[in-house]
């Protein structure tokens, strides 16, 4: 098999302060599709082009942020193998098996804490309910889309302290490639890592930050720069809180806009980027060009980039 | 490792009738970059965003068409393993090892003939000369681009008789996934197969055809539908022979234009498509919708699609 | 005043064979907005960005085609002045005043037949019901759009015999400029004329044709090439009859797609074009490049262009 | 004639601190074409799609800003008529006739000072040297373009004190229409006026400001939002000083980016906007939505908008 091991970011579980406001945002502004709820009141959502039952899970509570992020692996055998390697690598803590069904339509998951403090999961099964265009003579896009209408949940950017440990875990245990990195300081310390398990420029990314387990954004993929403009217009039409954009990232070349859900969790929709291969050299951004790396046009970080986290 | 085995289409070797005219076409109209020539007079080219030494090889002779198509595998170990499996599978013939250096900057290659009659190669090494934007603080695109300026060689569409055999070889031996298929006739015979070893919608495709070893097109990737228009304009500004487009394929959703090089080999530039995963159900196009499958807007095949091959 | 005299194409009245099918097409596929009906059963429609009460009038009868096309002039004084000049110029026939209210929300109209046989009207008043985004703090586009959602009715292309006479009337009496022309034959006879009364590349166009009073298409304006693709997709998703496109016209540079309403009347949606000024030299297309003039990429006329008329 | 009186912004004369740096900027970054120099050392430039000899005039001196802005009128008769009206209206001061040839390839100009302190000119003649694609069988765009490659100089935004007087002069004497306005304060005072003499959303605009004769920006037109991104990339690739963008204006709906020439004069490139007609109601932006009016996505003015002027 050509695509093996960890296949993709499968879900992100976000905490929201008000479920009604959050659902309005995620279904009407972003345009995800609600696919179910569970007895805890969690709501499950997906993009129109995703086959699995859900990729976003919302939970109402009194503090925003990310509960966990899950990655789909290709098989039970891989799940078992990775469970063994995680147990032995000395980088993952709090390893816990969650039984099938704990998350709706999802098989058993192995949850663990990575050195930056985030709860990460791997799992080998989730029921496929199909994408909105079907698998027989599909149209290129479905009717009835709402809002920005991204096809897929794409990746998260997470902040935490032990960046080296988390990067080591993702590369050496989970088989990710370091597509791009930011280095800074007299010894070129790694301060940002953009990791991929696929041909995408990133499937998850981490920024070095003094506090553990912080959430920067969950990102959803659009088809093109025209859709980024349309997303920007929707943000203003609906008076959604904007962070920055439309603009381009130097990192990944992505065309992007950042904004906030009603609970203060940052979202991104983006398009573009290149085709990654594991033998591609890691792209390095140096301290002098950190501005271009993050926001290619502004060439400087906005204040929110480093400070507004959930 | 998440991306393993066969990584990508690494090169296509095309026969051209007049090297000067061909080079003008491939470097000025398409906008590939010449990276070398060998003592046989073959010319090596690549897209600006490719790291390997070349992805297109042109050879002047008296008959147009494709000499061979090569796939890069992730390691020598994979090359050895696949060599063994190819020797045993009963689907590949004419297995031949070509020594390192037979193709410039390229390691040893295992060449074999697939049941549709095409010469396919696998190899584990090609020198990286880097992409045009470099690996340190890269701009999103380089200066000095010419013509359509695709970033990469993307895939080929090939025609031949024993489609079932070739598809079986690519799926069962080389680890490809069948992303989309066309079926027709009372028994839903497979007549088109779109195969991927990556997150791309296709890395190689085959159409059932009475004659062996025919070449339909080599395709190069653009960033967006605006670039497809620009490519269409360039085709007309330079009086290049157009086949069809700009339009969309139902298959892969790609935004596309087909045209011919001066020797009559068909080229495609395209953008768009979805993110493929190996657990995604195969999309099936039925006979009633073959028109939409191939040319989504025209909803019928043009005459050239089935008959103009090299 | 800088914009004076004839301001714009204000309405086109089309005959349709089945009003229900036509309305479904014009409101759901194209996405015009119904604004009223009259006692004759005529239905009035407009684009979302138009202020006047209507720009399209549909009438059910047993033969498709165009009843008349109307142009808005800047004032009653101009209407009077042009009425006098039309009466004296010897080019207009059948001059008839239609009273205010004959067409809903529209002032009196002067109708006349031009030498190519088409019924043309001028009028100085139509009630403004406003555009969908309003005039106070407007968003750039409204919610609730359907289909292709063009902002405006833009122009018509009409076929008829006495092209010279009609062009003379539009230029010398109505004050239009000849933005582009097609000439052919040993004496460079004028066979196509693209006329404008504004900064648009054309407000009405005529092709020389043996039969009088034929209708080629009514055109609606989109914002960009991405919307042309979306329109093309909608055409196929809804199995609307396609003529040609997406492509570009050499004439006007417009990005375009042609399709048919259920009665066989041709529609166009398009984007792009240049800013015209009356002192810009007329662009001339010669016989050798007629293909590029009409369909810049295909570089030849499709059969329908000259023969499918209503 | 349908387009009469004042036809278009014909030229803007800018002061630059270093001609070499300025020329590099205006020809390589923006991509205007140099068409001549005069004995004073002034350099003349135009966009590739303009027919007249020049639309931008650069003069090296020790203070940046705008020397004058000129408007092309349709005829000598109009020039004479407007000269008379300007002399009598009581709004224009310093009326001066400049002889033909004072500006290269340009007929006599009437220069006057408007109440906001800006030097405005009108003229009826400038030699046409033709646009880059020619007038016979033109391609949609020429080869050899550089930088952002706008087709045309489009408009200026100017700041000054007596906004009411200048708006009165442009509307009542020069025949402009007030397409959009910003009002603020308890009495809804006019603080911004967007004026057009054409179907464009604006040909010149003014903002109320305590100081006379200040220059905010000169704007050049691109074809689409994809070109705005490309312009943004060029700005960063060449380390040009960015003001803001890519973004959208609420006013005019334009898709835009602001940046500075090496002397500190602000430039804009933009695309989009609607088709204006003189009978369209003036759009009003109220104080509560000034942010959206100027920068639709950010919904607030950046500090530079009100303070960085030349």
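Order as written gives the chain letters A, B, C and D; numbering starts at 1 within each chain.
Methods note: a residue touches a chain if its C-beta (ideal position, glycine included) is under 8 Å from a C-beta of that chain, and two chains touch if they have at least 3 such contacts.
For each chain, UniProt lists the protein as follows: A, B, C, D = Metapyrocatechase.
Everything quoted here is computed from the prediction, not taken from an experiment.
Novice: Please find the path from subunit B (Metapyrocatechase) to subunit D (Metapyrocatechase) through touching chains that uses the fewest steps, and give that number.
Specialist: Graph distance in the chain contact network comes out at 1.
Novice: For subunit A (Metapyrocatechase) and subunit B (Metapyrocatechase), which third chains touch each of them?
Specialist: C, D
Novice: Distance from the CA centroid of subunit A (Metapyrocatechase) to that of subunit C (Metapyrocatechase), rounded to the nearest Å?
Specialist: Averaging C-alpha atoms per chain gives centres 48 Å apart.
Novice: What whole-Å value do you get for the distance between subunit C (Metapyrocatechase) and subunit D (Metapyrocatechase) if each is reduced to the mean of its CA atoms?
Specialist: Distance between chain centres, rounded to whole Å: 31 Å.
Novice: How far is the middle of subunit B (Metapyrocatechase) from the middle of subunit C (Metapyrocatechase), if each middle is the mean of its Cα atoms, in Å?
Specialist: The mean C-alpha positions of subunit B (Metapyrocatechase) and subunit C (Metapyrocatechase) differ by 44 Å.
Novice: Check each residue of subunit A (Metapyrocatechase) and list the ones that touch at least two other chains.
Specialist: Residues 139-140, 224-226, 233, 236, 248, 292, 296 of subunit A (Metapyrocatechase) each touch two or more of the other chains.
Novice: Give the list of subunit A (Metapyrocatechase) residues in touch with subunit D (Metapyrocatechase) in this complex.
Specialist: Residues 225-226, 229, 232-233, 235-236, 242, 245-248, 255, 257, 292, 296-299.
Novice: For subunit D (Metapyrocatechase), which residues count as touching subunit C (Metapyrocatechase) in their complex?
Specialist: Residues of subunit D (Metapyrocatechase) touching subunit C (Metapyrocatechase): 1-8, 49, 51, 72, 74, 128, 130, 135-140, 151-152, 174-177, 196-200, 221, 223-225, 248, 250, 253, 272, 274-275, 277-286, 288-289, 292-293, 296.
Novice: Please name which positions on subunit A (Metapyrocatechase) make contact with subunit C (Metapyrocatechase) in the complex.
Specialist: Touching subunit C (Metapyrocatechase): residues 139-141, 143, 224, 226, 233, 236-237 of subunit A (Metapyrocatechase).
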